[in-house]
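Paired with chain B in one complex and with chain C in the other, chain A is shared by the two complexes that follow.
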Partner chain A sequence: MTSQAIFVLFNGMASGMAFFLVAAGLTWVFGILKILNLAHGAFFMLGAYISYSVGGASPASIWTFLGVALVAAAAVGVLGYLTDVLVLRRLRNVDYHYALIATFGLMLFCEGVAKAIWGTDYFAVMPPPQVDRAIVVGGAYISLYTLFVIGAGLALFAALEVIMQSTWAGKIMRAVSNDPWMAGTVGINVPLVLMLSVVASFVLAGLAGGLLVPNQALSPHVGASFVLYAFMAVVIGGLGSIRGTFLACILLGIVESANATFLSQYGGIAIYVLLALALVWKPNGLFPAQGAT
Partner chain B sequence: MRRRAVLKSFAGAAALLGMNATYLRAQSGPIRVGAAYALSGVGAPVGKQMLAGTEVAAMQINKAGGLLGREVELVIRDDKYNSSESVAVARELAGDRINLLLGGSQTVTALGLAPLAPELNMAVIIVAAAGMPVTHELYNRNIFRATANNYTQYSSLGRTLIEQNPEIRTWVSLAPDGDFGRDSALFFGKAVEKFAPGEKPTVLDTIYTQATATDFRTQINQLMSSEAEGLYIGIAASAQISFFQQARSVGLYDKFKAIGEVGNGDITGKAMGRNTYPNLWSVCHWIHNAEPFASNPVSKQLYDDYVQLKGDTIPSAQVAAGHRAAMAIFEGIRAAGSTETDPVIDAIENLQFETVGGQVSFRKDDHQLVNTNYYSQMEPSREEPFFTFSKVTSIDAAEMIEPAAPGKAFNIAELTQ
Partner chain C sequence: MSQMSLTTVQCQQSGAEKRLGLILLALLVVLLFCAPSLVNPGILFVIGLTLVQAVFALSWNLLFGFTGLASFGHAGFFAIGAYFTGAALRYDFHLPFLLVLVIAGLGGALVAWAIGVVALKRLTGIFLAVLTVALTEAMAKIIGFSPALGEQDGLGNIPRPVIDLGLFDLDLTHGDAYYRFLVVATVLIVAALWWVVHSRLGRTFRAIREDADRARFIGIDVARYRVISFMISGGTAALAGALSAPLTRIVTLDQVNWLASTQPILNSLLGGFTSFWGPIVGSVAFSTINYWTRSFPGLSEIMVGGILVVVILVAPTGILGLIGKLRRNFGRKGGRT
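Up next, the complex of A and B:
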């Protein structure tokens, strides 16, 4: 029982941090632009493919692996800039339904592009050698790559918290998020801030793709499972709230891990129960962001 | 009187020309055969390879002068790995006067197609669906299953694994929580017990997961903590590859002495490459450069024509499944001397034809393919594509197949052990 509890905790944290790596960009862009980007998973997928193309199936070291993930993040950031210019900028002053439809179309477009470039065969990327083994903790087998993902998620959360709460850039973004008109009147270049926010969101999607690619088989549908959990986390945590999303990801991860361990015959059901309870108890999320509805 | 006769002749000729214009057109144009495969969604990597095999078969037939003096034309549709879509596609093709169909590349699509075939008056070749209901409770004379069924396939796999690894005394299965997963794990485990030399081995309770799961850490931890040294994996496609990615890192490759898998075969090999599990046994449809396939003339021709058509020198085993199914319908047309549904069905019932794995036929009672089933051992390699097939074994389906019971659900408990 103790080893199961230890395993549930570790596994839950690992899943939660994997969800957070994907959800961070999603909640960021919603917080600033109030756009729910349905194509976020597709750009995560492109980040994973770019990592595979640049770094191959067996990264030489953890530094190579991290470097390749940063390249993927930068490449998806460039795609984010293009997406902002060609699509998202046109959606800022229209009803949100149009944004949903447009980003859904964008998702299909990205999947089509991935199929055209990489085909429909599956690929598998291995973790870098330094984290490509397991340790046994209290009878539970814990992969070092799992610990790496937990570390990456915690580091990303810390970095986003520092940026948003303690830097001028973060304060400017919060100001634009809360009241873009007022931010404009005090001299903030609102279009530039919005564009940079979109790029940052896409960078986070690409980074998540690069870091999580050893976690599962690479195919044009690789983003689907992660992004589903990411959406749930954003809803439970509060649309646009990084702190809320972070906590919701941990909650989802642990609940899912406990479900798989103790109630495996009802696989996957517990997180939907959690989602339903959260919507009833806190319909605006654990930490509703200012301006979020 | 003469004038009446002339008028009648004109009327008769006009009626013949008018009423039978479509018939005459159909008899003189190409023979149109429907080909419904999963070409998008999660089934696409498998469906596209099967379609490639079917395309090669059509190319070979046309190169040899066609059938009944006419060219063969494939009318290709995407069933999207979806039961309702497979039904919609079949209805659309029937509306387009197509009565010969290749479909059911997976059980999920076959279950939709099978009951529909008589209503649409179609002869349907179920390409690769192994689910038992197709030739049991859903049986009808319009459908033929051109692959081994679950019982034959996975009991033969279990027999192969225990015969090749008799020193393994404890086995366990990881299977998707559904009819297919439960059945295949059950058949595998029963065969391991039945064919083990000496003392009966222990088969542990099956560990279940979801067919499309992406995180297997919980199940891997259960496997690592178990006493088992032999494993059957009933999850397929990308889920199986994700499982191997996650399992390898925690040392599962060292713990288990042999693993049998559901039939991903080279799909897993291509993805895992150098990281392929070193004693991985698969259900095998075809390996062009390994015996007995390498010396089979049908296999050689399929490989050459596949390379010519697709420009790819490493064909998937699934290509052979699409080729075998297409040859069943083409040889059926040839034997019938007709493209009409009933004569083609009658002809296929009595057909024997050559495939990459030798001669096959359909059991007349339930239209189940009777063939030789092959099982391959995979391991990593230093050369491209960084995995290799080190051994191929075979079991004649006649030794393992269940008695025909069309219209009746299969129950393993009713078989004599």
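Up next, the complex of A and C:
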């Protein structure tokens, strides 16, 4: 029983941190642009495919693996810049319904492009050799890659917290997020900040794609399945709040993992119950952000 | 937004134009009814699917275009109707087919009511969008676990019904006969929705869409009317699903995913969500595009997604909005000379 509990805990944390790697960029761009980018998962998927194409199916070491993930992050960042210029920039002052529907269209477009380039076959990528084994913790087998994902998620959260709370860049970002007009009058280049935030969010999506590609089979639908959890985390946590999203990701991960272990015949149902309860109990999320509608 | 006020402009048509529109509409219905003897079965099937999609899109647009709420999981309602009808016919519930359709519609409305009462009062916009997507995904999961509903394989071999009308039986087992029934049902549903939109209820919905706060000030119970709109929309979507099951004779999980939920959004925006007829025009336009590009399967998402983005950025009022704009420009020039 304790080994099962440990297993659930570790797996849940790993799922939660995987969700957070995807959700971080999503909540960031929402906090600043007030646009929920439904295409975020599609760019995560493109990041995973790019790292598969660059790094191959079995990375030689953890350093090449990380390097490949950075290449994918940079490539998706460039795509993010193009998307911003072509689409997102035109959505800044329209009704949020249009923004939702346009990014929904963008998501389908990216899935179609992935199908056209890489086909609909599933690919598998192995974790790098240093983390491709299991250790025993309290009677439960825990894969080292699981620990790697947990570490990556915690590191990303710590980095975002430091950037947002204690650097001038984070302060500018929070100022723009709170009141773009006022930020403009005190001399902040608001369009530049918005553009950089979008690119940063896409870089995070690409990085998550590169880091999480050994986590599951790679197909054009991987984005849609992952991003749904990310949306749920962002909504439960409070739109635009990185801390809320982080906590909600852990909650979702552990509930999902417990569901898969103890109620495997109805796998994947519990998180929807959790979402419904959370929305009814706290309609604006655990940490409501300013301007969330 | 500026395009919101277009609906009122488009409503003010002259009497002659209205008569011309009615005549064209009647001609179209007659043509649709005679289609089985005019086109081959393949195209007839596509026309049947287009009718179903048109009803589905109208149901979504009642919510978005007329009440200002966006559901991103409308395929869930469609699937309720489709799976219920499929199961009722396949396992022979001993219910008259018309009653099955009514139950399917009421079932959709009931689920919409439950969601509406719990969620709609507090949630709008993004929260509603995520909730509707998530609930539809949860439903797909549950269907995937139910052996009676065919799990991942879908519910196949659905027989077409025979309607007992007391004096005689209406045999719909043949494809052409069911198609004609579908045309009649579609016309009735469209007429009912037209009436809803142009009634006092429809004007209340529009008041809420234009400005929920002002609607509240003049004494409209905004939450209650939003739930009513959600129920009519959900019920109609379930009815569209119920009509589709005997047509395609199979119901699968492909009808309960994101892509299926996008279809009514796309059709409404393509045709023009500010007009009542927009979703129908959009469904026809989309089916035509889809029929031409059917041999390139990978392209369908690129087409669907690309069209959505371009329509939003370039022509947010869709085909009918563009035509209306062109006509107004034309009319102004004509008036000057």
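FYI, the second predicted complex is superposed on the first by the 293 of 293 C-alpha atoms of A that agree within 3 Å, B and C clash if a C-alpha of one lies under 4 Å from a C-alpha of the other, contacts with A are read in each partner's own complex, and residues count from 1 in each chain.
As a working rule, contacts are C-beta pairs under 8 Å (C-beta built on N, C-alpha and C of every residue); 3 or more make two chains touch, one makes a residue touch a chain.
Only a predicted model underlies this, so the values are computations on that prediction, with no experimental measurement involved.
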Next on the checklist: Once both complexes are superposed via chain A, do chain B and chain C end up clashing or fitting?
Outcome noted: clash
Checklist entry - Is A:Leu239 in contact with chain B, with chain C, with both, or with neither (first, second, both, neither)? => result second
Checklist entry - Regarding the shared-chain residue A:Gly139, is it in contact with chain B (first), chain C (second), both, or neither? => result first
Next on the checklist: Is A:Ala116 touching anything from chain B or chain C once the two structures are fitted on A? First, second, both or neither.
Outcome noted: second
Next on the checklist: Contact-wise, after the overlay, does A:Pro127 reach chain B, chain C, both or neither (first, second, both, neither)?
Outcome noted: first
Next on the checklist: A:Ser264 in the overlay: touching chain B, chain C, both, or neither? Say first, second, both or neither.
Outcome noted: first
Next on the checklist: Between chain B and chain C, whom does A:Leu279 touch in the aligned arrangement: first, second, both, or neither?
Outcome noted: second
Checklist entry - Is A:Thr27 touching the first partner chain B, the second partner chain C, both, or neither of them? => result neither
Checklist entry - Of the partners chain B and chain C, which touch A:Ser177 in the superposed model: first, second, both, neither? => result neither
Checklist entry - When you line up both complexes on chain A, which piece of chain C, out of 20-28, 38-46 or 236-244, runs into chain B? => result 38-46
Checklist entry - Once the complexes are superposed, what residues of chain A are shared between the chain B interface and the chain C interface? => result 120, 265, 268
Checklist entry - Okay, in this complex, where on chain A does chain C touch? => result 36, 87, 90-91, 94-98, 100-102, 104-113, 115-116, 120, 224, 228, 231-232, 235, 239, 265-266, 268-269, 272, 275-276, 279-280, 283, 292-293
Checklist outcome for this item: Touching chain A in the complex, chain C uses residues 1, 64, 70, 72, 118-119, 122-127, 129-131, 133-135, 137-138, 141-142, 145, 258-259, 262, 265-266, 269, 298-309, 312-313, 316
Checklist entry - What residues of chain A sit close enough to touch chain B in their complex? => result 3, 7, 11, 14-15, 57-58, 120-127, 131-134, 139-146, 214-217, 219, 221-222, 225-226, 256-257, 260-261, 264-265, 267-268
Item to check | chain A-facing residues of chain B, complex | outcome: 41-42, 44-45, 48, 177, 207-210, 212-215, 217-221, 224-225, 237-239, 241-242, 244-246, 248-251, 267, 270-275
